[in-house]
Amino acid sequence: MKKIKIVTIGGGSSYTPELIEGFIVRKDQLPIKEIWLVDIEAGKEKLEIVGNLARRMVKKAGLDWEIHLSLDRKEALKDADFVSTQFRVGLLDARIKDERIPLKYGVLGQETNGAGGVFKALRTIPVILDIVNDMKKLCPNAWLVNFTNPSGMITEAVLNYGNFEKVVGLCNVPINHNFRESKLIGKSPDELIFQYAGLNHHHWHKIYDKSGDDLTALVMEKLFEQKESTMENIEFVPFCEEQIRDLGMLPCSYHQYYYLTDDMVKKEVVNYENHTTRAELVKKLEAELFELYKDPNLKDKPEQLTKRGGTHYSDAACELICSILNNKKTEMVVSTRNHGALTDLPYECVVEVSSIITGIGPRPLTFGKFKPAMRGMVQLMKAMEEVTIEAAVTGSYAKALQAFILNPLIPSGEIAKTILNEMLLAHKDYLPQFTKAIKEIEKNSSL
Amino acid sequence: MKKIKIVTIGGGSSYTPELIEGFIVRKDQLPIKEIWLVDIEAGKEKLEIVGNLARRMVKKAGLDWEIHLSLDRKEALKDADFVSTQFRVGLLDARIKDERIPLKYGVLGQETNGAGGVFKALRTIPVILDIVNDMKKLCPNAWLVNFTNPSGMITEAVLNYGNFEKVVGLCNVPINHNFRESKLIGKSPDELIFQYAGLNHHHWHKIYDKSGDDLTALVMEKLFEQKESTMENIEFVPFCEEQIRDLGMLPCSYHQYYYLTDDMVKKEVVNYENHTTRAELVKKLEAELFELYKDPNLKDKPEQLTKRGGTHYSDAACELICSILNNKKTEMVVSTRNHGALTDLPYECVVEVSSIITGIGPRPLTFGKFKPAMRGMVQLMKAMEEVTIEAAVTGSYAKALQAFILNPLIPSGEIAKTILNEMLLAHKDYLPQFTKAIKEIEKNSSL
Amino acid sequence: MKKIKIVTIGGGSSYTPELIEGFIVRKDQLPIKEIWLVDIEAGKEKLEIVGNLARRMVKKAGLDWEIHLSLDRKEALKDADFVSTQFRVGLLDARIKDERIPLKYGVLGQETNGAGGVFKALRTIPVILDIVNDMKKLCPNAWLVNFTNPSGMITEAVLNYGNFEKVVGLCNVPINHNFRESKLIGKSPDELIFQYAGLNHHHWHKIYDKSGDDLTALVMEKLFEQKESTMENIEFVPFCEEQIRDLGMLPCSYHQYYYLTDDMVKKEVVNYENHTTRAELVKKLEAELFELYKDPNLKDKPEQLTKRGGTHYSDAACELICSILNNKKTEMVVSTRNHGALTDLPYECVVEVSSIITGIGPRPLTFGKFKPAMRGMVQLMKAMEEVTIEAAVTGSYAKALQAFILNPLIPSGEIAKTILNEMLLAHKDYLPQFTKAIKEIEKNSSL
Amino acid sequence: MKKIKIVTIGGGSSYTPELIEGFIVRKDQLPIKEIWLVDIEAGKEKLEIVGNLARRMVKKAGLDWEIHLSLDRKEALKDADFVSTQFRVGLLDARIKDERIPLKYGVLGQETNGAGGVFKALRTIPVILDIVNDMKKLCPNAWLVNFTNPSGMITEAVLNYGNFEKVVGLCNVPINHNFRESKLIGKSPDELIFQYAGLNHHHWHKIYDKSGDDLTALVMEKLFEQKESTMENIEFVPFCEEQIRDLGMLPCSYHQYYYLTDDMVKKEVVNYENHTTRAELVKKLEAELFELYKDPNLKDKPEQLTKRGGTHYSDAACELICSILNNKKTEMVVSTRNHGALTDLPYECVVEVSSIITGIGPRPLTFGKFKPAMRGMVQLMKAMEEVTIEAAVTGSYAKALQAFILNPLIPSGEIAKTILNEMLLAHKDYLPQFTKAIKEIEKNSSL
């Protein structure tokens, strides 16, 4: 079997040890020759730290994989077989702004689908389209495995604007639900059947046992008893039980933001005041992690990484690569083209859905129609995503405002414009496509 | 030509003189034998007052039409040709609650699609389904022309739960837009082509001149210059111009609530404090109108009715009946079954769309697909409507809560439940289907 | 009102007097300045004859319209307001081949949707796309009114390959049905409501009276009693009554070919042997007509034109132009973009459907879903049309063969190839896009 | 693990040894307690013969499975876990009529989707609906695995008229293609990725290798070189290569009937004359097989069964049961509800599509849209199937005639009625729902 080259863009990320661990665990299925960790100048120091840890891990595992650290993306991409992306344009400081600016006005930032998510998309999409352009030239047959949030929008941009078909969007939320909810009923995920449908950070699922019995309602009641969120990074507020029962499907953790907006705002406003927003906590966590990573005696992924929110990351990412490479037909929940899987959403759009991962990429399992209560919400979110992507590609102020007005976490009216303008100004270094709009705002605000 | 019998349920409404005027204007096309004004016991006095005015109007016009006033709905419906419905379950006091209770919590009531609209649907749908049951027995070939709000949801309930096909939902918003916007560019509506698509109180439109030139952008700019709402009953807040231009279609007046939610809340909170909510104003207006109506010398529709919000009512309602009766093929904007007219919405649902009114009822003109910014919103609203109708039919607390959570005017979370519970208690006399849920709330609140 | 210029391509057609008569009848609604009759060199003589008749007709009507006869298409198109197309690539001799070659093998030629229709499309589509290219430069705001068969395919080619939106396809079949079927029940078309849906020469319709009663079944029984075809140009074979009743809609005359294929073959084989195929009859008729047209004393459309198959042609064509020009909102059955009118067919394809003709062109009335027996057939025909258009545009032999195999009038297998090859050779002068494929056939057949 | 009961209706079939062999091969995954072979009185002798062979096979394998032979369906169904159906209403004599009557008129009988298939559906659907009614009472949680042809229509009838969800339709055509086409390129099916889409006996597929390369075109060329049909039971006629290449997908063997109708007719007419139609050959083969089965020394499936057309039958049927029972997630091509897998076909209809077989049944992999040449054909066939099922359920002569007219293998016109009438009379004993129509035919024919 031909040996492969894997490239990780944003290789200096604190997540990288998870990824390396995931590769090591699957060493028998992954004939790796080289792993390239790529980052930008500003991330050089972190890249060195995490890259050296990666080397120690690989060495400890007795493997001959080459770990390359590089600031030259093009050099790295040349002849790659798999490219994973886990970068953050503007680093964590940008995320802090994404979360804090809206909260100043009593509005959720929510770093993936809220105002923060819109801005993360606006900053990231031009960069991913650049990467894809490089890939078309340097490694046109490679698969792009995207972990960068908002994962669904990034994947849709690559497909529908980058015209690059070999892309899969990935997220660790579904796998975390699988693990937690199996445990609640004393099972392992392997003993259950999961059926996921929706969009990234906006999906629902059903659970069955192997004999076909629907356990969704049972798991629901267990979840109501437990008083904690599935995801480390989301503060827990209990769902309205009547509403969730009526859905007939289990919401994902991020639905707290949509189904309990007002309550989440109250929690987050306190975090804003105490400087304990998720972004600020993560920044601290990351600093601590990198301190740990520096230790030349550390040769394993440290336990503390779990708190970072990346649990089961390796399961998801490495299994995906492994399953494509070996046509393993693993069932995973990924962001991929719809093509009928969810008949309530546009044919060509990207959905997050249970899929079989094969040598030709993800083959989504048909889900069909949602009940109206889910249908309406997911259709709104998809439209919001489409408009956001258009805004990112065109740099249109009107489209960005439109996305804010569609976004159910952002109240429409003057307040939407105020937050939008402030965020455009705050992120101007990473929004070259909005130069004209930003100048206009600066001109008006100086009057 | 066979002489016809027209029945108006809620005949004691202050709108009735408009309707009578509309019939009189079209006397040559409407071979009326009898008009039956029907109301309930509580509305008897108003029925007498407005019924006598109607008689004076008909007499002045030199017509031999019989005006019957009745509290016996079944007697009235017997062999009717057209039945119009303009009743209000719980009268204006219910509307005051619909608007004031949410505002207590800083949330818009919005009497058609907001929390108020949801409750109006919950109160009205069981009654309209009763009426339809009577019609199936007493006048199965009659057309039901529904003006009762929320007009789209009521129409959908009649079609999909009442299984009665001969129903049309009507609203005076589109015709008001036609008149106002034509005037802005110095034209009459007859000289222009209008293309409406969406849902009741949630539609958009385009305008062309007869030679096919798109005047939408031109009218948009004229509207931005003007600083007033198209509808008397909606306080003006200017739209975000960039956003509206990006839509490429003209929003309806009710979009102020959706596109400018935060600003509208601020306005309405002041009204709440000053007891000048629309419901409270209307209650005063209605009292004044009925004082006028009592005058035995009044033989015409008084000018003051215009302020009530019913302008062009007669044009819409009477023209609809006239066009069905005579297969006039008038183009009107009505609530009717979708069947492909708006491909983004379910096939069997009710939409509000430009239609040709014929002897077989409304034949909608195909509109096709919306741009994403409109698509997502209208899909959300349709889902909210469907869930509301289900709640009204089943009396399910969970469905009612679900509708609130879907509703973009109601923040989700504890606050939604608080408002829902308070409204259920406040309207309990008109919500027999919710008896069980209301008892539960009463039990819990007494703890 | 601005005076208009109308251009008729294929102006030397025997139909032209109908058209001129139609304009004259509508002189008050049509402020005509110039009518340009355009033809090719080979049609010069006919153009002169019919052009002079047109001049005599206009003169007799006391009108000052200029009648220009031209062989220069570009000169004619300059600044046109309406362009109508009624040309026949290869003249009637090509049609004779279209009908006779398949019949040699016991297969229907059927000059619109059968093998003959496929070849008419292959010859015509490149020419219409040329015309549209000229129009884009010379009269980009003109409407193209296409009568050239196969009218639906030509219209779809103009929209989806010519990227020219202002086009309407027209056919006189629906209007003939309206007249004939109204008469059967003692009514005029004005007293009835017609609902047409399908494709050109492959549509069904329902009929209602003005009070909304469905008369379809009644008309059906009257048709079964009558023993004649609605269209002059189709030999009558009685439908299977049970099948038609089960449809619940009235078929069009051309359905004889699809519902009674075997019986029609038998009739046509006799015509083939007697040299009385429709094409051959028409050729004689045309010769006779042109003899009549030559008469300098003839100043009206001669009665004999009726036999040619163009009855009510003028009603359709001139009314269409008139209704676009004056936003008359006439209800007509035209070939236009689907956009949801028929939900069983692709969104962007062309359908033939009841439409309101306005200043922005045809606005189709939504029809919704067909019953399966019609759905399957119309979906097959649409696919056949799409593949034929692709073949016409690309000159692909495989696509042409594919179209033959899809076509329900052509048996699949060797026979399809045999007929295809023979027709390609016979029409080679008019199929420049197939040069390569034809050479291949010639090479193989000479072996 | 709970031991299971498997019931086979039509247990006296010559296929049964294949099935038993399949169970034996999977003995470690199938904790079988009882196998019930059920047949009708007329099949008693065959049931005994094949049942005794089954017992010998099980005994030889050293298994303690109970083999029950029964003529009492209800007794057998009680508490079953899996029910497989492989019966033939009217036995092989009915199939002989299905094939020979149409051929008398030069029309293909084609025992699954042609005139023969329509009649097989008419005879079988009432019986399968009876079985399903029994299952609802006696084993409501059992899975129904249907092999009876026409497998797709039978499955759709069970789902949409029997309202029984736990049903899967099965056919051995796809697995035969997998084996044969893998071999052509020197691979095993496990090394390849197959993507099937369409309807039973009317599907197409693509083939990829594990690294995602599309091998469809390569396999196509290999197939063109080979001069034989994939299926034993279909006489080989070579496809038109240009057409197949243009499809871009591999047709199934049954497409010979649709793509080469005329050529197949010619072959079959010879068989008709020589009494060598497939049905007649099979009857002989079956007699021979049962002679072999009688041999008390035979303890294995005899090699000769391969010729019967049931190759890989056991792989398909037993693997399906095994995969449902163990949630094995095997990829198989089955007839199951569409729900978006093929977006060109109705949402609720049954399609034959690559699916993952799990504890909740088949989960179809989304395929999306067909190219027009496949789309039109498959849409026609689905409509034909729907109308056939309606005819079977209602006994409507008009629907049966409609199905014939839609069917691309039956020429429309008088000939369709002639064949229909003759077949109704010939099968009258097995068509109780058509009693009225048959009496009418008898009355008319006796005149």
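As written, the chain order gives the labels A, B, C and D, with residue 1 at the start of each chain.
In the analysis below, a residue touches a chain if its C-beta (ideal position, glycine included) is under 8 Å from a C-beta of that chain, and two chains touch if they have at least 3 such contacts.
Please read all numbers here as calculations on a predicted model, not as lab measurements.
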Set of chains adjacent to chain B and to chain C: none
Length of the line joining the C-alpha centres of chain A and chain B, rounded to whole Å: 44
Euclidean distance of C-alpha centroids - chain A vs chain C, Å: 55
Residues of chain C engaged with two or more neighbouring chains: none
Topology of the chain contact graph, where touching chains are joined (line, ring, star, complete, other): ring
Chain-chain contacts as defined at top: A-B, A-D, B-C, C-D
Interfacial residue positions of chain B with respect to chain C in the complex: 193, 195, 208-212, 324, 326-327, 329, 331, 338-343, 347, 354, 356, 358-361, 363-369
In the complex with chain C, residue positions of chain D that touch it: 237, 240, 242-243, 245-247, 258-264, 372-373, 375-377, 379-384, 386-387, 390, 396-399, 401-402, 405-406, 408, 411-417
